[in-house]
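The following blocks contain the structures, represented as structure tokens.
Look at the two complexes coming up: subunit A is in both, with subunit B in one and subunit C in the other.
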Partner chain A sequence: MAIIKRKFDAVIVGAGGAGMRAALQLSEAGFKVAVITKVFPTRSHTVAAQGGIAASLGNVTEDNWHWHMYDTVKGSDYLGDQDAIEFMCRQASEVVYELEHFGMPFDRLENGKIYQRPFGGQSQNFGGAQATRSCATADRTGHALLHTLYQRNVQANTQFFIEWMGLDLIHNEQGEVLGLMAMEIETGEVMLLHAKVTLLATGGGGRVFQASTNAFINTGDGLGMAARAGIPLEDMEFWQFHPTGVYGAGVLISEAVRGEGGYLLNKDGERFMERYAPNARDLASRDVISRALTTEIREGRGCGNNADHLLLKLDHLGENIIRTRLPGIREIAIRFAQVDPINQPIPVVPTAHYMMGGIPTNLHGQVVAPYKTGPEEVIQGLYAVGECACVSVHGANRLGTNSLLDIVVFGRAAGDQIAKDLRKNLHHKPLPITVADKTLARLARLDGQKNGESVAQVGDLLRQTMQTHCGVFRFADMLKQGVVKINEIAERVAHTEIHDKSRVFNTARVEALELDNLIEVALASMVSAEGRKESRGAHARDDFPIRDDDKWLKHTLYFSENQRLDYKPVRLKPLTVGSFLPQERVY
Partner chain B sequence: MRFSIYRYDPGKDKKPYMQDYDIVLDVVDKMLLDALIRIKSVDDSLSLRRSCREGVCGSDGMNINGRNGLACITPIKDLKEPVVLRPLPGLPVIRDLIVDMTQFFKQYHSIKPYLINNEPPPETERLQSPEERAEIDGTYECILCACCSTACPSFWWNPDKFVGPAGLLQAYRFLADSRDQATNERLDNLEDPYRLFRCHSIMNCVDSCPKGLNPTKAIGKIKNMLIRRTI
Partner chain C sequence: MKQLTRARWRCRRGLLELDIVLQRFMNERYALLCEPELRQFDALLDLSDNDLWDMIKIKTEVSDTRSQSVLQLLRAI
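So, the complex of A and B:
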């Protein structure tokens, strides 16, 4: 079958904050870039980020990047790579000012500077008093950021391929990535995009969990593509459960609520975080708070008839603060919890939120993997940024408002590095003849499948299994069974059937192809979690409750082939300053 | 619960038709989008766009019992049966509830939706007082769902010439931004019998905006700016 081919200098997969920040860098430098995206750019999941973007501007309290770096290393439970963390925190102020210059409508302080609010895990002077570091547009910072980046890309004439889905990376025998196979959703047409550089910016895979704050589109497409191409996935056992998802609905209630002064209560009306984190209380790290909520529920202090949730109180902030600083939260609470937070607390539960792991990269966004000479060899032609990547700045637990920072800093850095590559590497590498075969076979299987199971059914089972076996607390036997179950589900994923065979905007086909990616994410997560015999950050094991730096201060690498695990050292040496050595982590 | 849904697949249907579905909902199905996903789990050919399921991405705009809205924030309990669902009116249908939004985005792009300021930026942020910043409240929050423009009779008649409420709201967003320097250029771009002045203050846009924004008011402010410029 003849496949249509198109050539580009660079193809970016995904038009969220990371993909668009990189695209902007390349468009403004004059390269021919294609950004392919499953949804119109402003519908990417960055739009849902609420509380802010971290930068030590010091507009409210004294601050500097080194303190921010310390907080991020500590927040990561010492699993974050300190060179990448220094790189990110040092650039934070510059990239935030740049966003402001692009037109991002930040809220303002009386003196006209960017408004900042406190957030969890932010401290002054290396663990001292609370810092005020999150630059915010009310509680819609992601929306403001994403629209601004789209607008700036419109100005720069970036070429978007909207409602296109990436299917598989293509590579040659040396493992160099040569572009990807993609499908135009509106027509069902499959195309080969031949590129000197391919950048994955496909976001997270939070849809592997049943209760998730994530959008439907967050199906780990880049991770699926990488795993199928033999590229390892790093630290996939680390999933952040946000402490405050709306009970029953899963929709996110920003940490900004607690940043502005809200707090959590159990059924006795007790401000229970005082027991778990005496200093930071409701602004401790998210992993700490999610464990506290889960413990309260397990020990019978949950609220409601089933004692299965807790309450987030903010009415004491007053109507004015709620209306001006947290209008989106109020809207969500009224719609999804049927309470007006001006008068009533919001029922909340820990909800799957963010994937700390991902495709391993260095701080230029280049994908790195063990090959011949070391654990971090650059894979030629392939980059990854944002939630799909693991650089790793978040380690075992991400701090709130560091994700928007991550996507902008590393989106820009990847854009710069790609521009350098393109300036010296002028030719497209030749394509092997069989380059499209695997993708076409996968599509043909799906079109021809008879008597298969429905995608919705198998998908639900996958999500339930992850929820039950790989949640806030993890148990040895549950993880072992989880690995078996997820493998059984993987077998069923390979035989799903869709009844809709139309070529036109076939969303059933899209969902089936997404399930191929979700299962890779789920397998990687479950196998990696089963493998790590310690508790660190968001990975809390009942049988190994203590962090074990002697054995486990290392990154997991999961290879899809034979579900093999490998490990590589944490980069403890920052770029210019001294290392923050592992210490007991208390808030 | 009974639904009557617009169906059309140009690959196999000569013309569109309405299909009825009787669906038993689960207690967890609170919003219209939950019901649609329940229907899709039985009939995977039903096509719609959706993503964030919390009213911020703007994917699932559709015509719900005669009014435009987002399926993900429309409570099922408020809907009269049968629930009649059609694609957003006035735009070409690609399939089922999915419309071709090219014309809508073309109008959005036509207002130059980006900050124009040709001075070299300072080393830190440009200053803006809270009062100046408050001028763009109620504009920047737009999610580009097109519920407003596709509820506007003027946009139905002249989608190629009239910018429409969504685009004009964004035009005002940049006119009102104290950091933007292209006020005259932006006003020139709108001073035209069609682009701006086809708005007759019918206010369907205000009525249909799922985010509670008020494009008519913004359009009025642009008109005032034009008048003030001439005197």
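So, the complex of A and C:
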């Protein structure tokens, strides 16, 4: 197959907040930038971020970056790298004011300053009173951010390749990354983008779980590309779950329902949260409730024919309260659960929400790995930012509204670092003759496969297996079986068949290629979770219920080759202030 | 054929709520649309995720009445 080749200074994969913030930095500096994106940029999953962007502006209550840093380290259950966390929290105010200057329409206080709202996990004075730190544009902060960044990028002549899918990184024998193989979804045409630098900003891979709040596009494409190129994935055992996603659909039912007096029931009609959290009951923290739901299901008290979900009851609140205070929730229940909560409880299940792990980077967005001699050597030519990266500011658990901050701070930092590197390194490195072979072989395999497996069926099995064996609450035997099962599924992924071989907008082909990425995310998560013999943040093990800092205050690195695990120390030393040493995490 | 496959891909969105509703629509209703309705649907897919979802969910008034009939179908899905 003849492949078209094009040259760019920088190729960015993904046009969410992280990719577009980096692209803007580079285009404005005059570099030739290509941004590859599966969907129109303003339809990236960043659009789903409602809560806001955390920054210690102190517009409502007194605040400073050091308090924000403390909250983030504590929230991460001490697994976050404190140099990166200091870097992020110190830059937060500056990046928010910069967005304001770009034209982002933040909500305002009466005095004209940016409005801020309080969020869980935010404190004043290192664990004191509630802080008010999240800057928002109503419930559309992500939407406003994407539109602002897209407009600026258009003005700065960033070149977007819309409805293109990144397939594989290309590299030479020394492991230097030389660009990307990509496919135009409209035509099926494959292109080689030869670049001085490549930035992965492909977002999360939450679609590996059967119950997921993530949009269908979140298939971990950057992680799949990295794993296939021999690059490790960091801390993939850490997934944040929300306790009440609609059973079968994943759409979130917000905590507001339980705040109004709704509560959870098992199949016996028992209000089971009373057993797990006698005081807070249905208002306990997300991870506590998620674990309780999972235990009820595992012990046979789940509801429905498969005993695989619980019920959220709110009919006792009365029609009037439901109609006036919870109209959006009622709408979601009717549409996605086919129940009207005025009469019937809503079936719910803990639902995967955010991936804390990802491609290991330093705070300049450079991808780092134990590559030649050191544990964190820079891989030449490759950068990663956003949910697909692990810098690691979220550690074992992310705080609300720190994700938008992450993508803007590190998107900008990566843009700056790339600009610096491009100024030093003026030439494209030569391409090995065989550079496209692996990708073309993968496409040819898919086109030529006979008597193969259905992409949808294997994908469903993958998602069920992750949900059952690597969900909220993890059990030794289930993880061990899970590793075997997910490897069997990986074998089947290698033999998928698509019946539609046409070139034009072939969604079946795209989904088969996405499954190649999902399986890498699933393998990394299952193997890493089986390996970590403690409970920390979002990783909760039945057999090791306690955090073990002596043995496990370290990051996991998963290598797809031989599914090898390695570990590296947590960076406990911040840039300028003293370390926050591990303490028991109590809220 | 291209119109169908193109629409199917453009139903991939940033919000899960829309992914689900649009996928149901593609499976259950799309084949029954007439030519003007297909154009309406295309126009709706050009909207931002939040705007489209609000139209379907909160039933915001639509100033452009040309999209009304397809929007009614989406709301009923």
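The definition used in the following text is that the second predicted complex is superposed on the first by the 481 of 587 C-alpha atoms of A that agree within 3 Å, B and C clash if a C-alpha of one lies under 4 Å from a C-alpha of the other, contacts with A are read in each partner's own complex, and residues count from 1 in each chain.
Heads up, the rule we're going with is that a contact is a pair of C-beta atoms (placed from the backbone, for glycine too) under 8 Å apart; a residue touches a chain by one contact, two chains touch by 3 or more.
Computed from a predicted structure; not experimentally measured.
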Sharing subunit A, do subunit B and subunit C clash or fit in the superposition?
clash
Applying the document's definition of touch, where does A:155 land relative to subunit B and subunit C: first, second, both, or neither?
first
Contacts of A:280 with subunit B and subunit C, given as first, second, both or neither:
neither
Once the shared chain is lined up, is A:140 touching subunit B (first), subunit C (second), both, or neither of them?
both
In this superposed model, does subunit C or subunit B come into contact with more residues of subunit A?
B
Please work out whether A:109 is in contact with subunit B alone, subunit C alone, both, or neither, and reply first, second, both or neither.
first
Give one of first, second, both or neither to describe whether A:100 is in contact with subunit B, with subunit C, with both, or with none.
first
Determine, for the stretches 132-140, 204-212 or 222-230 of subunit B, which one clashes with subunit C when the structures are superposed.
204-212
Which residues of subunit A are in contact with subunit B in one complex and with subunit C in the other?
39, 42-45, 47-48, 140, 143, 147, 186, 215-217, 249, 251, 328, 331-332, 335-336, 502, 504-507
Touch list for subunit B against partner subunit A, complex
9-12, 28, 30, 40-41, 43-45, 47-59, 73, 75, 94-96, 98, 101, 105, 109, 112-115, 117, 121, 123-130, 132-133, 136, 140-141, 143-144, 174, 177, 179-180
Residues of subunit C touching subunit A in their complex?
1-2, 5-6, 8-9, 12-17, 19-21, 23, 48-50, 57-58
Interface with subunit B, subunit A side, in the complex: residues 39-40, 42-45, 47-48, 57, 96-97, 100-103, 105-114, 137, 140, 143-144, 147, 151-152, 154-155, 186, 215-217, 248-249, 251-252, 328, 331-332, 335-336, 454-457, 498-500, 502-508, 511
Taking the touch rule as given, give the residues of subunit A at its contact with subunit C in the complex, in rising order.
38-39, 42-48, 140, 143, 147, 163, 185-186, 212-217, 249-251, 328, 331-332, 335-336, 502, 504-507, 510
